[in-house]
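In what comes next, subunit A is part of two complexes: it sits with subunit B in the first one and with subunit C in the second one.
Then we have the complex of A and B:
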């Protein structure tokens, strides 16, 4: 089983819980940054795009849902995992609606954190690989099936158009002769 | 968010818990089967392969871990989710080690079950899709084609993309690169696959018969028209018509073909009324189509009608490893057909095959391998068994006319039959050997070149004049004459 290590942004305002989580994440081999408020989280995510975000729903400034909304609005592709105190169906449903990939009920242990995080990172990796491979495939088609080269001179001409053009030209030349009063013969 | 639903096998021995779980799963839209012990679970999974299995670790007969092991051993691809009474690290770690995707701690609610199950099913779906898509990137076979090189992957992909539509396909490529094979692939990958596939070689049909060949004729339309005859267009009704060497089509016929492409209607020779046919057209040429248009030999409006989706078949020399793949494929096929022992090429033989540029492409390679198999037998093909290959400095015959003599087979060549008249080329060059380290070409008198070649051939055949003559493609008497002439010269190089 692969052990993907990633950048994890932990958004947790309770200091003790934050310390425990950070320690657990470090032993799993992940790079961790910690934010104690929503604003802090957004700032960090701005210049340190995380692979996954663990979001405590109860934050001092704005709700965990709001953090998720703003992250998504900024185009974040991080896997979002919600940390909740209650298992209520409504909370979870709303979390998923806001784009969370999974949720972890507090208090949680290392096993729970590890498995949930690993699955979320793997899901993200699979999606990225799928996108890349599909792009490669469509690249093949673009290369092999390009539109037919056109002749110099662009537009399709038809023999009829050439004929008409020639007639007009001829008429113009004859017309010039008449105007100039030129006449054949003596 | 998609709501995947699937077949869920619930393995739970506590009845109350099982009922609750079944109800939740049903409410989530899944198809559920329930087993109360490991043996029952295995029995169900055998003829009802589930998408996911919820495994209670405490089972009466054997542990949940054992069940997982056995499921995997039987090749189950279901996502395994463990139901455990404790969330201990050890249990979870072992569960993951046995191949579980996730674990749920009892007691659990609907939300937990839903999210975990959805994620597991999605993971499984993503993996399956990734495998399928990756397979498309590295196909070694595609309908009749053999080859996995990037240019061929592009060809496969293009054929797949264009096959479903009605758009006309135009295939270009040197002789022997598989244009008819490509046309067949387009047909077989299309919705018209069950319909007829008619291939016509416009270059092989006498110009005055071409209209009748394509559009048919009625009885008495001309001398020899003893009956009504359906042309290729009619025969291909509902299917695909492949017009090979379309550059050979005379201009007056091009006009009629254009009309057919524009309206679907045509008139058999001598018929009073036009007919219609629903046909998808694939065309091909060895030549440069645009050059033919510029030279006035091909109508521009017809060109644009035909050249909607181009498929360019790469020459064999640009297909990298494919040369060996194709050679091995033919060796296996012909050895089987001719009852030979051949199983592989020797390393030296493979080096020769890989280094030769194959100006006649796959058809030339095919003939060479068939030659080897017919004339020899053994475990491995050695370089000596390979037929002499024409010197590669002859430019491959792109424009203008084809390099073969005009054979005119009566019917369009069927796909599997031996290719038409790849006659032994006139060998006026020395038998080809792998190129030595490159030195800049030295221009010397032809007589000297000739002498070197003849002496080299004699060396190669152990001074056997008839064999050397055969290799060089000349009469043995020619060599005797030269030898006599040289002997009577003052000492030379």
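Then we have the complex of A and C:
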């Protein structure tokens, strides 16, 4: 099975950590862009919508949480993954509350990064598919609720058609009963 | 090059007032010293070794160069912050240094950097910086050895 390559935006201010993450992501076949600040991350996401964002919480200009909030406010559908040294329950809960799909505690290895990212990308793809199916279904429901008007004045003949249809249906049901050996007598 | 530590910073200044987010990262010095890994090697082979194994040699060498540049910049920032008595700058530099060290598996350096920003165990920069310099050199040496292997 081929690996699901995606567009990954890495938001990390320490060059060494960024270099390590970029190298790992490249070996997984992902296309990577790197931002060292929150502002850079937002600018890149604007012109190059990522499939997933790996965001460090401690950034020089504003926090990783703020980056996530602003991306969400702009309607980004990217899977958000938090990179943090401080994996306390409070931090993780706050990350999830801000819309993070998962988190990775630093330092992390390639295996951990790969599993988390693959899961997040798969989850994102499933969500996109579900949204598409929902939209399609609402389209069908809307069409069924308001059928298009008949073009050749068929509306006047409708009651008669329904009556004939109902009689045929009733006859068919009775016929099936008789064939199956039912009787209405004692 | 990593600047010589101990020459610049004020000897009487101790970074005691930590910002709230950095204050959460506290390391128990006693426990850290008990771990035998630190007495053996400056780098954690499960991280550095894995990187060397997973990545093409030129990429691994590039990471070491980036780490070397980070060490130089961050120890410079630490020294400057200590000289100015800039607590937030000092803690921020120590935090970045710990992160950079952790990324390449320089565990002893990471521990020293985290101790430097630990408000529960404040130590004067004149004491901290030489230890950081020593651990930086040891980590770099071992990383270069790994790259050559």
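In the analysis below, the second predicted complex is superposed on the first by the 133 of 186 C-alpha atoms of A that agree within 3 Å, B and C clash if a C-alpha of one lies under 4 Å from a C-alpha of the other, contacts with A are read in each partner's own complex, and residues count from 1 in each chain.
Keep in mind that, in the parts below, a contact is a pair of C-beta atoms (placed from the backbone, for glycine too) under 8 Å apart; a residue touches a chain by one contact, two chains touch by 3 or more.
Every value quoted in this text rests on a predicted model; they were computed, and no experiment measured them.
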Is A:19 contacted by the first partner subunit B, the second partner subunit C, both or neither?
-> second
Would you check which partner chain A:88 touches, where first means subunit B only, second means subunit C only, and both and neither mean what they say?
-> both
With the two structures laid over each other on chain A, which partner does A:110 touch: subunit B (first), subunit C (second), both, or neither?
-> both
Which partner, subunit B or subunit C, touches the larger number of subunit A residues?
-> B
Jot down the residues of subunit A that show up as touching in both complexes, subunit B in one and subunit C in the other.
-> 88, 109-110
Which of the residues in subunit A end up touching subunit C in this complex?
-> 13-17, 19-20, 23-24, 26-27, 58, 85-86, 88, 106-107, 109-110
Touching subunit A in the complex: which residues of subunit C?
-> 21, 24-25, 46-47, 50-51, 54-55, 59-60, 62-63, 66-67, 69-70, 95-96, 98-100, 102-105
Within the complex, subunit B is touched by subunit A residues 1, 87-89, 92-93, 96-97, 101-103, 105, 109-112, 114-116, 119, 122-123, 126-127, 129-130, 133-134, 136-137, 140-141, 143-146, 148-149, 151, 156-158
Subunit B - residues contacting subunit A, complex = 1, 87-89, 91-93, 96-97, 101-103, 105, 109-112, 114-116, 119, 122-123, 126-127, 129-130, 133-134, 136-137, 150-151, 153-155, 157-158, 161-162, 170, 290, 293-294, 300-301, 303-304, 307, 309-312
